[in-house]
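Below you'll find a set of structures to go through.
In what comes next, subunit A is part of two complexes: it sits with subunit B in the first one and with subunit C in the second one.
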Partner chain A sequence: MIMAGENEYGKEGAAGRRKVGVYVCHCGGNISDHVDVGEVCRRIEKIPGVTSVQNNVFMCSDPGQELIMKDIRSGAADRVVVASCAPNLHEATFRNAISRAGGNPYIYEHANIREQVSWVHHGAAATEKAIRLIAAAAAKAERLEPLTPIRLEALRHATVVGGGIAGLKAAIDLAKRGVEVAIIETSPFLGGRAAQLDRLAPSGESAAQVISELAGRVLNHKSITVHTCARIRTYQGYIGNFRIGIGREAPGGSGEWNESGKKDKPAPARGEFVPFAGVYAGEVLEIPEEFSIDTGIILLATGFKPYEPRRGEYGYKEFEGVVTLPEFIKMLALAGRGGDTLEIGGRQIKSVAMIHCVGSRMIPGIHEEDENGRLNEYCSRTCCTATLQTATTIRKTWPRTNVFEFYRDIRTYGRGQEELYAEAARASVMFLRFDPEEPPVVGKSEDNDGYALYARVKDKLTFGEEILAPVDLVVLSAGMEPNDVSDMVAMMKLPVGADRFLQEVHPKLRPVELSVAGILLAGTCQAPMDTGEACAAASAAAVKASAVLSRGYVELDPFVAEVDGDKCRGTGACVQACLKEGALELVETLDGGEKALRAQVNAAFCIGCGACAAVCPEGAINVKGWTLNQYEAMLDAIVSDDLFEEERPHATAG
Partner chain B sequence: MESGVKKFDALVLGGGIAGLEAALNLAELNFSVAVVEKDASIGGKMIRLSKVFPTLDCASCITTPKMAAAAHHNNITLFTYCDLVSLSRNGRGLRAQIRQKPRYVDADKCIGCRQCEYACPVYVSDPEQGDFAARKAVYIPFSNAIPQIALIDTQNCMLCGKCEKVCPTGAVDYLQAPQDFTIESKTAVIATGFDVTPVENKPLYGAGKIPNVITALQMERLLAPHGPYNRVLRPSDGKLPDSVAYIQCAGSRDQTTGIPYCSRVCCMYAIKQAMLLSGSLPLADITIYYIDIRAFGKGYEQFYQNAAAMGIQFVKAKPVIVGSGEGGGVVLRYEAQEDGGRIVTAEHDLVVLSLGLVPGRAPGERAAAPTGPDGFIAVPRPRTAPAVTEVEGVFVAGTACGPKDIVDTIAEAGAAAMEASNYLRE
Partner chain C sequence: MNKTGKILILATESCAYPGANAVGQAHSSYPANTYILRVRAPVLFPERFYLECFEKGIWGVIIMSCGVECPYHGAYEALAKRMDRVFAMMKQRGLDTQRLRLTSICTVCTRSFLKEVQQMNEIITKLGPPGAERARAGIPGQNGVMASGG
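After this line comes the complex of A and B, so read on.
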């Protein structure tokens, strides 16, 4: 057995030619608290072909990377295995280190002994599994060949989907960097949801001014083209070279467009701000049209929609006088100033109840799921400040109108927000705190007290006292939900989180990228944000896009299918199995003077899934960096007990 | 001593996560960037943390690759252990006077072998480990510091000469003097970060004098996988704490400390630490005393609800620390708002103060751009240009312009780089 094992490793003449360096990370104690790193190193050293075994507290740190680089430079290793965390965190880090030392970055193999070992196993079993995984990685590493990344030209063009604050900001930033930009917006207006606000919290800038400024710059920039009433219908290609099909239609019958009075009034002028709709971006179509755009980067800024309370939720759509905060903001903006008491629609509003966390921070078992079984468990981040700002405005403008705020936690986290909270308190906004299990109850007033409604709550600030607030109006601080982009999610295969917002690759390492290369995200399609935060996210996405587009090319990992022309017989099985349209085709070639069909790979499209390799009857197709013989070597190593022989009693001597 | 003028496209002040992210973005756009860091290593506060919310990634795992990427980027030059003396206008660009503080070790000669550190006979309390462990008087700041260059702590060095003798490259230089130089750049990004509110200012929390009252940053070190004890122990006697309490808003939302604002990260870091504690001390009771729980970011509310479901106690109260209990515990007193308003006295083995964030400047140090009433860099157009300061061509990112978590800091650093790059193009 022992001899056979050694022969296994020594096969194919790999040992002696390839020198595998293995670098084991402690990850502080994340790994070494559960895996005996010393033992791992001792065993791995025995693998024929392994010429250097090192360990470090943090392999990803500079001193850790230096260990690898030193071995590459000195020739102590020409293949590298790092045993550390999941490869999505640091594979790129170590490939870069090898490059810096003058090696080919693809002679690298990663063994995940944190997520797959130390975080889920303990003791001797953890150490053994780590050894097996590393042995497998080393076996593969011995068979790795240097590869060259695929370099593709990138079009200096970006498409921004969504003409809200985030989309506008990103478009301006990109255009300033000399990138051609197309904005795809579904409505005839620019400005998005911010247009439905009056003043932006907490600093009180006019939403109209902010939108007009951004939209004005967009409309006047020669490098930005705005396509309104437009949607993405088709999508193909890859980072640097996407082609998207756009459909433009006559504006739909919904809200804003009708309100702006297309039928009765002349259309607004291009660049004109239409209250609660946004900046009109110019001519709309009578007849639908379709066209396509070639673009290098797609930046999604598809935004949010306010939560629509269910009928009967705090009396919504059940009692007159129960409205959402966006509805109320509009009423306030249209209400006449002057007088001590707020008047809406000729009705005096002496008292207002504002209820926080409507459609946010929902708790399973307490809150009712919607018809699709969904709950908005997240905090919508912006509603506390928006509610406080509205409450303060009421108190300051109409001092005889009282405001009661029913809240769970006041989340005035940002700069200037806590001050707004203090200001609201000074303006005698009444705060009542409720438990999610015992939310306020809104009802129709039965007393003849002159108020139409009441809001009743067990107030936790006064030790659970039952408090009834007689009110004329109940305002629900509705949270945010992501806009429905299911068509794009399906088309582009985008990841969506449990909260239904688009899911970035990593919140800290790659916060503005989606897992599809070349598709970025910004603003409230990612998570609730206020306008300033959405602008920061938009610029952050724009700077990443700029880096790709200003280089003029993109480099993709070369892990794509490769056809062995000598073995291929043109069965077409691979083309049938291929998951990515355009990645594999049969082409006519000359084989020994005769015409023959052979499989051909389009590397730019290939996603390296290996479906073709699995079906080829000739074994003529392989994924580079993941070949069948590499897999076999890994399997042999993982099941081999050679490294554990000494513990086992020797039944026979050979 | 003046030693020449160095020219760069962009100057980044601060080598924490905000500065590194901004520098990397600018460098990727092919601009030359100088990063000036006052500490002896880049990495900022983040590299000193244990794990980070809400993903519970280890902080080192996220920070070290960015540190290494910046250190090795052809377009980035790091100037560590340097103070900004002044920043002034130079035509359309800027001129920064920088002072290289003496390490008393020649940075060009030091190879980071630590022989000096091993030879040094002086043990000093190590602030990098929350003052819970010792380091030498000549030392490399921490294991994954960049650069790996030793420095001598002259406050504690007794000039025995041992380090000089063992240094294989003759790098120790007791006579090193500060060196002044000038960086001329076309634009700058301020990423000077934060400090925590001083505990001494708050007698109601014991003013730093009661044993087993520690700061949240100290707790980060206790929880860090490469921390001082390798586990969570009570500092006064090494006891495994059975009960740990957090006092939220200790130094924020508090007029008496002059810090009326919310520090934005404390709720989440306390919840994160509580979660990590329930891993390392499964039997301990963990209580968080709070005013409002502000779990507002992506995934944060769910993180908070998970913590509550795990049995972490959330008590709405603003306690004061009365003193020490008999067994070395910490005695608190508070009004139980959710329990009829009675006054409760409670004792915990260990109390953590969730200190707030203040601008990361030495007392009396001038900020590199005008500040707001809260002391953070002012941002005149926060809605549409959150990274633009009042000074033309000077941008800001991260906690330099207000308390902020890492996720928001990284977004803002991208924004600052974008603004700076567009300024460079204009």
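After this line comes the complex of A and C, so read on.
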């Protein structure tokens, strides 16, 4: 069954005379403790077309790679299969080894016999499965063609969407590397949510100072253009060559235009920091305008919004004196510093309850879904530290104001954050722990005890004792939710996770890239992060972007659709099935002197999904490197028992 | 040689394939009759591919996709529609549609992966080789296997 030959999916099967080298890794015993590598090699040698079978303790080591390179150089192999760990770890390593030996990196196929064999199966069954998977990889390798990466010119320009701390940091880093930058910000201010804070945890730096410094550098940099009150309206193009349409108009909503910018007050000066709004970037339009920007990279830094508790959640919007942490931070910043008791709005605050995990770590069946049936099941990560910092500030500034923290778990995960927890404890913040099934109850105090509210909880730290804290104020540590970017998600076909944040390609290996080439992520549009993490992500995205743009061109994996001109009959089925606008079209061509319609791929637009390949009645279109013909050959290899029949001679190619 | 019926798993490179690797990293054992092929998007495969799998001796096929989180916008929806047609074709050929399953597996969905594999193993153990259900129903076929790959 393992043989080359034409089938209905395409012509590649006619190859047959290719020389496949198979290199089996022991992975220091990770593989060879469960898979009989000697037996694997003996069986694989029987495959027609396999010309070299070798094994090594670590194929990824220099001596291991040298085995491949030697075979490529000598001509012993012109197709390569490495059977080792998962391909995301070393596929690139082995492709590079082939390139260094003068081969084409796309003549490579990987067989995953560690994560998907030796770590999950044992004994003879593991060995048999390894053999079948390697045979399948060899069958595919025999049908691989050398490919050339797609090279496209790239504009040395980046567009940063969002003028928060991540957007500002990314813009500065890009400009420093000689890239022209445009910032698109919906509000008239720079600084985003960070500008609405007082002190940044855990360092205690002034948010105003940090934002003022970053925004000042942005506004004064000759390579950065700031477009405030602006939104992306249209989008087209591809990595290196995007064109985005921008609409600018005077802000209308209260969320975008804070009291400092209203027309009845004089506009702040350009570059002036307006507390809890940000740095005014100048010039608010009276008349809307539209224009377009040509850009090479789009970097999304669209940020987050605080969770808004529903009415009645811990008494929110039901009782006066129940506020969210962002609201409270603002109150606290405006509160007078004299006296030993906190005073807000002329009212003495003798006792504060702070409740953690509001709108975060929600559990189906316990927490109430929003109107769209959604729950924030993730941890917002930053609220524990922010709450502890606020509690410590209260205790240190107004020592006669008591603070009760009602928490499920304290997650002070970053550098300096655990110290903040210890500091809060030393400052006599009272900690009470609750189960999500039995959250604290906030109510209006009916005792004449001088407190407006109470917060009652079954405290796990005292083995379920019911504790009632009389309080003047309840602060809800509201979690983070991604800003609504559904217009851009639809326009740019952006992947969104189940948590509604934008989803990177891989959290570790490609953490700031989206699956749409040329669109990068920075900051809290991707996941809850603190300002330090958001800036780190922004810098990473800026480096990634400038690495692409500084070369002046981009190289893409050539895994795009390809039309076999001899087979195409111009049915148009592929064009109809195509999922990416502009990737496929029917063009008029000459066929034997007569005009005929034929499918044509625009490689820059094609996403390589293969939707076209599935519908072509002629089998005339395929995704390069991932063809139906190759899958068919892999299927044949998996079901074939030829390698396991000792006596019977094997079928030969042809 | 393992005589258990084979299960072919088409696993997306963005979600399910790393999900299967995560099962390996956890050293969670599962039956070795499972053969995972890495795919960019399962929307690549035409209806006939699935029928050929059964014709060639695969007892069960699990498409482990990214679901609605598919990085290829619209691909999952197109695939779901195609599955309806494949199920109809399977019925026409007397094949139990439980042999083919479309599911979503994320990069860390290790429990779901194991559950899907276990369930498909239970199904193929109950059904036997492809075509056995037709033989049981008294519909003639070629060697107990369906006559045409479509």
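Note that the second predicted complex is superposed on the first by the 457 of 654 C-alpha atoms of A that agree within 3 Å, B and C clash if a C-alpha of one lies under 4 Å from a C-alpha of the other, contacts with A are read in each partner's own complex, and residues count from 1 in each chain.
Operating definition for what follows: contacts are C-beta pairs under 8 Å (C-beta built on N, C-alpha and C of every residue); 3 or more make two chains touch, one makes a residue touch a chain.
These numbers were taken from a predicted model, which means no experiment stands behind them.
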Taking the superposition as given, does A:82 touch the first partner, subunit B, the second, subunit C, both, or neither? neither
Where does A:532 make contact in the superposed view: on subunit B (first), on subunit C (second), on both, or on neither? first
Check whether A:119 is in contact with subunit B, with subunit C, with both or with neither, and answer first, second, both or neither. second
Kindly classify A:391 by the partners it touches after superposition: subunit B alone (first), subunit C alone (second), both, or neither? neither
Using the superposition on chain A described above, determine whether A:455 touches subunit B (first), subunit C (second), both, or neither. neither
Comparing subunit B and subunit C in the superposed model, the one touching more of subunit A is B
Subunit A residues where the subunit B and subunit C footprints coincide 497, 506
Given the complex with subunit C, which residues does subunit A contribute to the contact? 86-88, 112, 114-117, 119-122, 124-126, 128-129, 132-133, 136, 493, 495-498, 503, 505-506, 515, 559, 577, 579, 607-611, 613-615, 623, 626, 628, 631-632, 634-636, 638-639, 641, 644
Please name which positions on subunit C make contact with subunit A in the complex. 1-2, 6, 8, 14, 18, 20-21, 23-25, 27-30, 32, 35-41, 43-46, 49, 52-53, 56-58, 69-75, 78, 82, 107
Residues on subunit A engaged by subunit B in the complex (per definition of touch): 27-30, 33, 57-58, 60-65, 85, 89-90, 93, 96-97, 100, 165, 169, 173, 176-178, 200, 203, 205, 210, 213-214, 360-361, 363, 377-379, 381, 409-419, 422, 460-461, 463-464, 497, 499, 501, 506-509, 511-512, 526-528, 531-533, 535-544, 546-547, 550
Counting only contacts in the complex, subunit B reaches subunit A at residues 25, 28-30, 52, 54-55, 57-58, 60-62, 64-65, 67-69, 71-72, 112, 143-144, 146-148, 224-226, 230, 253, 260-262, 264, 292-302, 305, 316, 337-341, 372, 374, 376, 379, 382-387, 401-402, 406-408, 410-415, 417-419, 421-422, 425-426
